[in-house]
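So that we are looking at the same thing, I have put the structure below in structure tokens.
By written order: A, B, C and D. Residues from 1 in each chain.
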Amino acid sequence: METTQAFTPEFYTAVMPEMLLFFGLLALMIIPNLGKGTFRIRGTQIRLPWFLGGQRYAWSSNPHLPAWIATLTLTGAFVAVADSLRGGVDAVHIVSSDAESAKELLMINGFSRVFELIFFGALALASFSSMNRLRVEGVGGKLKVDQLYNNRRQADFYILMLTCGLGMSVVALAQDLFVLFIGLELASFSTYVLVAFLKETKAGSEAGMKYFIVGSVASGVGLYGLSMLYLWAGSLQFDVLAATFAVSGTEPLPLIGIGFVLVGFGFKVSAAPFHFAAPDAYAGASSPVAGVLATASKAMGMVGLIRMLLIVAAPDASDGSAVWLVCLGALAALTMTWGNIAALGSTNPKRMLAYSSVAHAGYMLAGLTAVGAWTWDPTFAGNESDAALMVLTAVLFHLLVLVAFKLGAFLVLSILESDGDASRLSSLGGLAKREPLLAFAMFIFMISLAGVPPMAGFLSKLMVIMGIVNVGVGTGAGGLGDFHWVWWLALLMVLNSAVSVFYYLRVAVVMFFDEPEEGREGPLPKGWQVRTSILVCVLATVLIGVFGNSLLEMCRTAAESLTTKW
Amino acid sequence: MIDPALVSGLSALMFVIGLGGAFTRKNAIIVLMCIELMLNAANMQFAAAAIYHGDTTGWVYTIFAIAIAASEVAIGLAIFLAMYGQHDTISLDDVNVLKN
Amino acid sequence: MEGTELKETMYVASDMFQFAPLIILLPMMAFAVILFLGRVFNGNPTWKNAVKEGGMIALGVMSAVLIISVLLIMDFIGGAGAGHESVLHWFTSGVWDGTSAGVTTEKFGFGLYVDHLTVMLLFVASFLCLLINVFSIGYMNTDPINDNRNHRFYAEFTLFCSGMLGMVLADSFLWLFIFWEIMGLCSYLLIGFYYERPSAAYAAKKAFLTTRIGDVFLMIGLVMLWDLFGSLDYVVVFDTANIEHVAEQSAGTLQWALGLMFIGAVGKSAQFPLHVWLPDAMEGPTPVSALIHAATMVNAGLYLVARMFPFFGAEALHGDLADLAYIIAVIGGITAVMAAAIAFVQIDLKKVLAYSTMSQLAYIFTGLGCAMYLANTLDWHHNDADHYIVIVAFGAALFHLFNHAMAKGMLFMASGSVIHEMHHAHHHLHHHDDHGDDHDDHHDDDFDAQSMENMGGLASKMPLTATAMLVGSASIMGLPLIGGFWSKEGIIANAWRVVQDDPRFLFPAMCVLIGAGMTGFYMSRMWLKTFAGKPKTEVAAHVGPTNTWIKTPLFILIFVSLSSVFFAGMGFTHWAPDEHYALMGEKSLFEGILYEMEHAFANSDMYFFVLTYIAIALGAVAGPGLAMALYGGQLEEGETAKPWMTPVIRLNAWVKGRFNFDNTAFAESTLAVALQNRLYIDQYYDMAMMKIVAGFSSKAAEVDTKVIDGTIKTIETSSQSLSGAVRSLTTGSARDYILMVAVGMLVIFMLVWGVA
Amino acid sequence: MQLVGFPVIAGIVLLAFVANTNKTAHEKLNNPIRMASFAFSLGLFTYTTMMFFEVFSDISSAGLSFNTYQFHDSYEWFPALGIHWTVGLDALSFPMVWLTTFLLPVTIIATWHEKNGATYFPTILLMGGALIGVFVSLDLFMFYVFWELTLIPMFFLILNWGGKDRKYASQKFFIYTFTASVVMLLGLVTLYLMQPDQIGSGGKYGTITGRTFDIPTLVDHATAANQNGWFLGESMQKVLFVMLMLGFLVKLPAVPFHTWLPDAHVQAPTGGSMLLAGVMLKMGAYGMFRLPLSMFPHALQHFQLALMIFGMVSLVWGAIVCLGQTNLKKMVAYSSVSHMGVILIGIATMQPMGWAAALFMMFAHGIISPMLFAVCGAFKHHYHSMEIGSMRGMAKHSPWLATSMMFAWMASLGLPLLAGFVAELMMLIALWYFIALEGWSVLWMVGPALVLALTAAYYLWSMQRTIFEGGDETQPPASLHGGPIPDLSREEKIAMLILAAFTILFGVMPWIGLDMMDDYCRTFFEHMISNGIFKGGA
């Protein structure tokens, strides 16, 4: 473990991926604007070329350029993170000064790195695949490439992607609740705009508006909760908060504060009843963006939840369980059931995926609930922290693999979107005839979402269930009556999985059984980038499901690095 | 020096007004204003807490929060403009193409 | 139980034993071969004319079977005695008696078992199978309707023979049952031989189902028996020590087991109340009726009951099984009278014979029941006189089985001959002008070649057939000295003997006695309506003689039936049931015949003396007399019957002239109508089947889709509507979303607050 | 290992060939892919048959005691979770594996001309691979993975090649069985986590979880614990027993969880039905033997009555509903329900003989029911109708089909010397032995007795209305539009002959399969009794 101040050489080494992102951002702002722009020296007729603006060069006006920059940047960041994850991460603390009273700002360890892996991975795939998929005009029209790409707006899109990634990574690294909040807002603002990016459509602008308004309210509530916590503890440092909480955690002020903060994060993970804007946002946003919302953005919310619930309001070993146990349990049950029930009848594939993403949030919340109960049984046979670590591992793993099949599903929809429309179930009709491999990929994503072996989704869901059950059974000597009630969350979870098969399978049936919609029998639009991304997702889904052991162990290490208290 | 508790109480009032307004008003701009009210409530709370704890960090938080609020307004207005362009209204109830 | 101490082999006394499996295997292979060749060569002229579409193959096989059987039987009679040999280890399995002793291994094997009973039935079966095979060639291959499907007939025929012979030779009740079912299958297939006729399809199903009901009970009985003995092998279950062991603990259960097995026999032998299938089974080709539904398969039930004799005869079970014996006798009694009564009004030649079969089998059941009762209640192991009584009672029943099989086989073949020629004549008469494909409308005309109302006066036209019919009828009726007389008298006498011990037996005894008179009536009626009098239709007047294939078996069987007296004289009735008596062991043939004569006609016991003459008076005088008064008459002018039939016809004409009366009143009475409708039993069964079983099952199917599956569907639809309700909360208005956030905030607040 | 891997890989490779090809290329590929699939399945069949002759033909020399396996092999898979790709065969799983490999080529032959063969045959192979995987896996996780994996090819078989309502049926099939198996999964996970945490001990134990999914280890633990009380505690064992059984009962299926089966069968293509009825249903019974029966014997004894009731209800209700069916395939499907009742009753008797009966019933039904469905498929294929009575006098028009039908029907109704009889007989004997031993009511015999008669009734009745009657008078069904009346194709004939031959083979010589099953059951009981787990008078 090493400690370093901000803006020292060590700092730059430690935050290499973020720096990459930063420079990528700069490049993205400058490079597409390079042109034959000149600068007239005041009062003279001398025009000095300063290469910015004016008529752009052919290469700098290449519509693919911003996307390439963003993708390469994100991929680079991803690789950097992945590389640092190999063989374990040495934790690096970044503090504000070398004084004794210095505040800890960021911490780089396995836990945060895994989340960065999720963020960068999802964003990289999304930007790569939206390279030639980004629609700028009204629904349905097929435009020529020239028309399709308004270069400057392309650049905007990818700039937002990068700021989003930057904000998210701040969230993952933050050791101060307010720093975390800033990162969260940076990412949120980017996503608001990304959702509203299709502003030329009714749906796009409306989705942006809703997502913005509800998100703002949620973050307003969260910020207010922050202020209450600050009022109570005098600091928003996690370690300070945790220490204070252990002393006076049952006072009303921290409880209300935590409750409010929970609302803020609840919106990000789209937990019921804070999820309402999510289906609308997903439906209105372009599919890769929706995919980012469902994976990276959700993971970001989970970081906040984990930090808040497991670090700050950590379950008290003497008392046995956390104060938020019942609350989170209720939220989890409500969220997963609501999501699944709502998805059951949804005929818009994107809304369906949105609701399914709500359900998945519920599963992860159920996992966190179990952590809250992990010390309930004094005669617990195993190492108590093992139980908690197992759940945490499961949640991390689930978030990680979710990128593969949730984003993958959205990417498939994005192809259909550029074919015209993906807002009806029937637009998937006959996909198996139009492009069998694509249908097959979608099928893999669907059954992985449903949790059918041997896909990654099954393994992750199994891990979550195992985590919950592990906590729930305790010694289990007295049978069901002796179980902690979180065990019933596991039962609810498997039943919900069963319900969810219904709507996932319906997608498969439509793809393989139904005929294509009128006028959509022809081949799908070309685009190797998005197909490559989908292929990556399929491979990840299948291979992690079958050979995911090392990934599991990585998540375990990451979970262990969350806190030294366990 | 004002008693921080009073400030805190005012901020609570502002927060409630902001939240209440957010879901009772139809006009998007007013809702945005309500949200600003909520953020400002938090700011006041930060200020009050900074006084209470004698900790300057709270003031820093406030300044950051104001910056955030400002950018939020900018983004919000931009989105509302886009929405108005498509829906010809800024009444939240009338913008409901997406539902269920 | 004692199953572990299975005696693997008793002793193998005969050299022929090693060939015995061939008796079962040869026909079984013939089945496959004929079926296969038939598939390949159908339509080939050589196959059709020389091989008779498989008939010759079957004939060869059946001849071989008869030869092996006869050699085996001769070895047996020649002193080799009873034998048993395990052939096959079938499978093993374990049972756990609930103690910590562990699992007991139980073996199930197949072997051959030869004793007196086996030998007798083996002869009956293989002999009749061969004869009827010969008959079939004459009958089946000359009817164009059977062209190109006779191979099916012969295949199924040989499979049936295999089943029958297997059942006889099997060494355990299990394998008895297995072959029993194979016979059932063949019976089903052969009844449905003319599958295109709905009536045949219906009859086949009815036959299989009805016997299946009996089989279910049989199977459960066997299972119970297995539980008692730990095996179903004869050597185990008949072992005296084992029986003693069972008798001590669960004699009642044993009686139930045997009783359930008896229900199986009731089904197979078409006894009341499972008799309904047999008359309908006449839909099958006549050789099938002759073989399966008269001579062999229906005897399986009797064989099964006879096989149970060692239980009834066991000392340890003294008196324990008397009730079952009574039930057997009563079922026999009821069926004997009922079937005979229904036979009164039948006009279909084969149906009369079918009911006659039922009735005669019922006699044998009564005889067996009485013998069982005697064996169970008398102290026959130590008392020689009682021993004799038991043996003779049992022997009489078995002897009747033998006589009946021969006679009924012959009768059916004769009736087949008549029907065949009637067909032929009808065909000739009505279609000889048409050219070509007149076979197709074979069924279109409503001429019934089996109806006795269309016959009459055939005695002169088909002399051998008429003779066979006469001898057969006489044998069945129990006309003194001929065929069944010897056995039938024995059965009646034994029934009445039991009455002396147990008055309950008065009912079956009365039944068989009255039945004797009834038999006399309906058999005479049948013969007279068919062969005497004047032809009732033009067709009957044009009937010609039949072919050699058909004549040969008839000819042989006439002699077998007539020589019944020699069998009686040889001491068949003693030999058949008991190994202690040899054929002609004590008396020479002549002495034996004398002894039997004396025993029958001049019994020293007044009781039996009177009884005998009552029986003779009923069966040989009253019954036939009444029939003569009503039916038949002189032949057509110029037609002459063979000399041995002339007196019968003359007598008939005389009686008819002298005693004729108008029986319309009776014919139109409720009873007669009921009899014509088979006492409505079939209707009730059908109704029960269609209304209750089928009705209930279609209701059940509805419940299955509507309720059980409906629940699933309701879950599905209600979850869909729930989904709609849930999604309608997403109103589309951002204000509502904020409201929900606020509400959620409140809920979180309350939950956290409440817990803390 | 190879048994599973090869068909799956071969299936995928063959599917890859046809991916993204257009229609004409597709059709060109039909024949080579069919031949490849067939050759491959034949190879598998040869392989398992050789296994039989090498090891399982003489079970006593194989020397398998309880919880020991032949061809035992283990590979590390998810060491983090204690998951190992452990495979092995014993007398319980081998017959099922052999059956699967036997049915694969037969199914391919019987449906030689199925449309879109280029994708159809590899799907069949995949199906086979998944099924074999279920049977050879000795790891709970892998067991479950294959268990669910079977759903996918079957889903596609129904969806792509099924009947009119295939859309509904395929989803229902998938969701219904999936629902049950996730409950089972929860049971498995609970069972897994009820083991003491042995984290750090390595080996079979997971590095993260400290538990193992290894079935032999679990069974050993269970045996040790069951000797002195209840493994995992009394109420826990009961709960887990119920959860596992729920999954298996739905798969089996037992009434009232059976309604997915008729829909799936009626809509499934012939090949799908053959594998579904032939092997997939047996997965339920196999699972029972492998897991709850081996691990929770006390709970088994406790729930004996419930199992018996389930068995009886399935047996009787299935048969009654059969009689009320007008759809030929539906009737056959319900007859499967009825026959699965036999398996449950056999298990509920708690007799080695009853268990052997159940095992042999699984096997025999696995040969007979594919024939039943092959007949139904041919009927549908040739007459374009599934209604009983739509075609009469088949014996005249289509003698091959009629003969096959009669044979299959007779085999299914338990005609002696055909495969099904021995199992039924043993079940009856075991049931009565048990009733007499424990003093249960004789009325328990009423159900089987009734069903023996009912089974005959519905089969015979349906034959009366299809094979018989008609002939000259009745016209062929209207659905033929006056076209020629077809008979079985050459391939169908071959398939029927093979199935019939094996039905007879195992009917006449049941010991070929029964010896090892009997050995398994007796070893099982000896083991339980000698360890004091099965006690007298329980």
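Just so we're on the same page, a residue touches a chain if its C-beta (ideal position, glycine included) is under 8 Å from a C-beta of that chain, and two chains touch if they have at least 3 such contacts.
The model shown is predicted, which means the values in this text are computed figures rather than measured ones.
Participant: Hey, what chains does chain A share as contacts with chain B?
Facilitator: Intersection of chain A and chain B contact lists gives C.
Participant: Which chain's centre, taken as the mean of its Cα atoms, is farthest from the centre of chain A?
Facilitator: Result for max centroid distance from chain A is chain C.
Participant: Please work out which of B-C and A-D is bridged by more C-beta pairs in contact, and write that pair.
Facilitator: By number of C-beta pairs in contact, A-D is the larger.
Participant: What chain is most central when centres are computed from CA atoms?
Facilitator: The most central chain, going by mean C-alpha position, is D.
Participant: Counting in whole Å, what is the centre-to-centre distance of chain B and chain D, each centre being its mean C-alpha position?
Facilitator: That pair's centroid distance is 64 Å.
Participant: How far is the middle of chain B from the middle of chain C, if each middle is the mean of its Cα atoms, in Å?
Facilitator: So the centroids are 98 Å from each other.
Participant: At what distance in angstrom does the C-alpha mean of chain D lie from that of chain A?
Facilitator: For chain A versus chain D, the centre distance works out to 43 Å.
Participant: Need the CA-centroid distance for the pair chain A / chain C, whole Å please.
Facilitator: 81
Participant: Out of chain B, which residues touch more than one other chain, so two or more?
Facilitator: 19, 22, 31, 92, 95-100
Participant: Multi-chain contacts only, two chains or more: what residues does chain D have there?
Facilitator: If we look for residues of chain D contacting two or more partner chains, we find none.
Participant: Please output the residue numbers of chain C that touch at least 2 other chains, ranges allowed.
Facilitator: Counting only residues that touch two or more other chains, chain C contributes 727, 730, 732, 734, 736, 738.
Participant: Let me make sure I understand the interfaces: which chain pairs count as touching?
Facilitator: A-B, A-C, A-D, B-C, C-D
Participant: Hey, which residues of chain A end up touching chain C in the complex?
Facilitator: 209-210, 213-214, 217-218, 221, 249-250, 252, 255-256, 258-260, 262-263, 266-267, 272-274, 276-277, 279-280, 323-327, 330-331, 338, 341-346, 499, 502
Participant: Going by the contact rule at the top, pick out the chain C residues touching chain D in the complex.
Facilitator: Where chain C meets chain D, its residues are 89-100, 102-103, 105-106, 174, 177-179, 181-182, 185, 188, 192, 195-198, 200-202, 204-205, 208-209, 212-213, 215-217, 219-220, 223-224, 226-227, 253, 440, 443, 689, 693-694, 696-702, 704-705, 708-709, 712.
Participant: Which residues of chain D touch chain C once you look at their complex with the stated criterion?
Facilitator: Listed in rising order, the residues of chain D that touch chain C are 172, 176, 255-256, 258-260, 263, 317, 320-325, 350-353, 356-357, 393, 395-396, 410, 415-417, 421-422, 425-426, 428-433, 436-438, 445, 449, 452-454, 456-458, 460-461, 463-464, 467-473, 510-511, 514-515, 518, 521-522, 525-526, 529-530, 532, 534-538.
Participant: Report the residues of chain A in contact with chain B in the complex, numbered from low to high.
Facilitator: Per the stated touch rule, the residues are 103, 178, 182, 185, 189, 192-193, 196, 199-210, 212-213, 216-217, 220-221, 223-224, 226-228, 230-231, 234-236, 279-280, 283-284, 346, 351.
Participant: What does chain C use to touch chain B in their complex?
Facilitator: Result: residues 727-728, 730-736, 738-739, 742 of chain C touch chain B.
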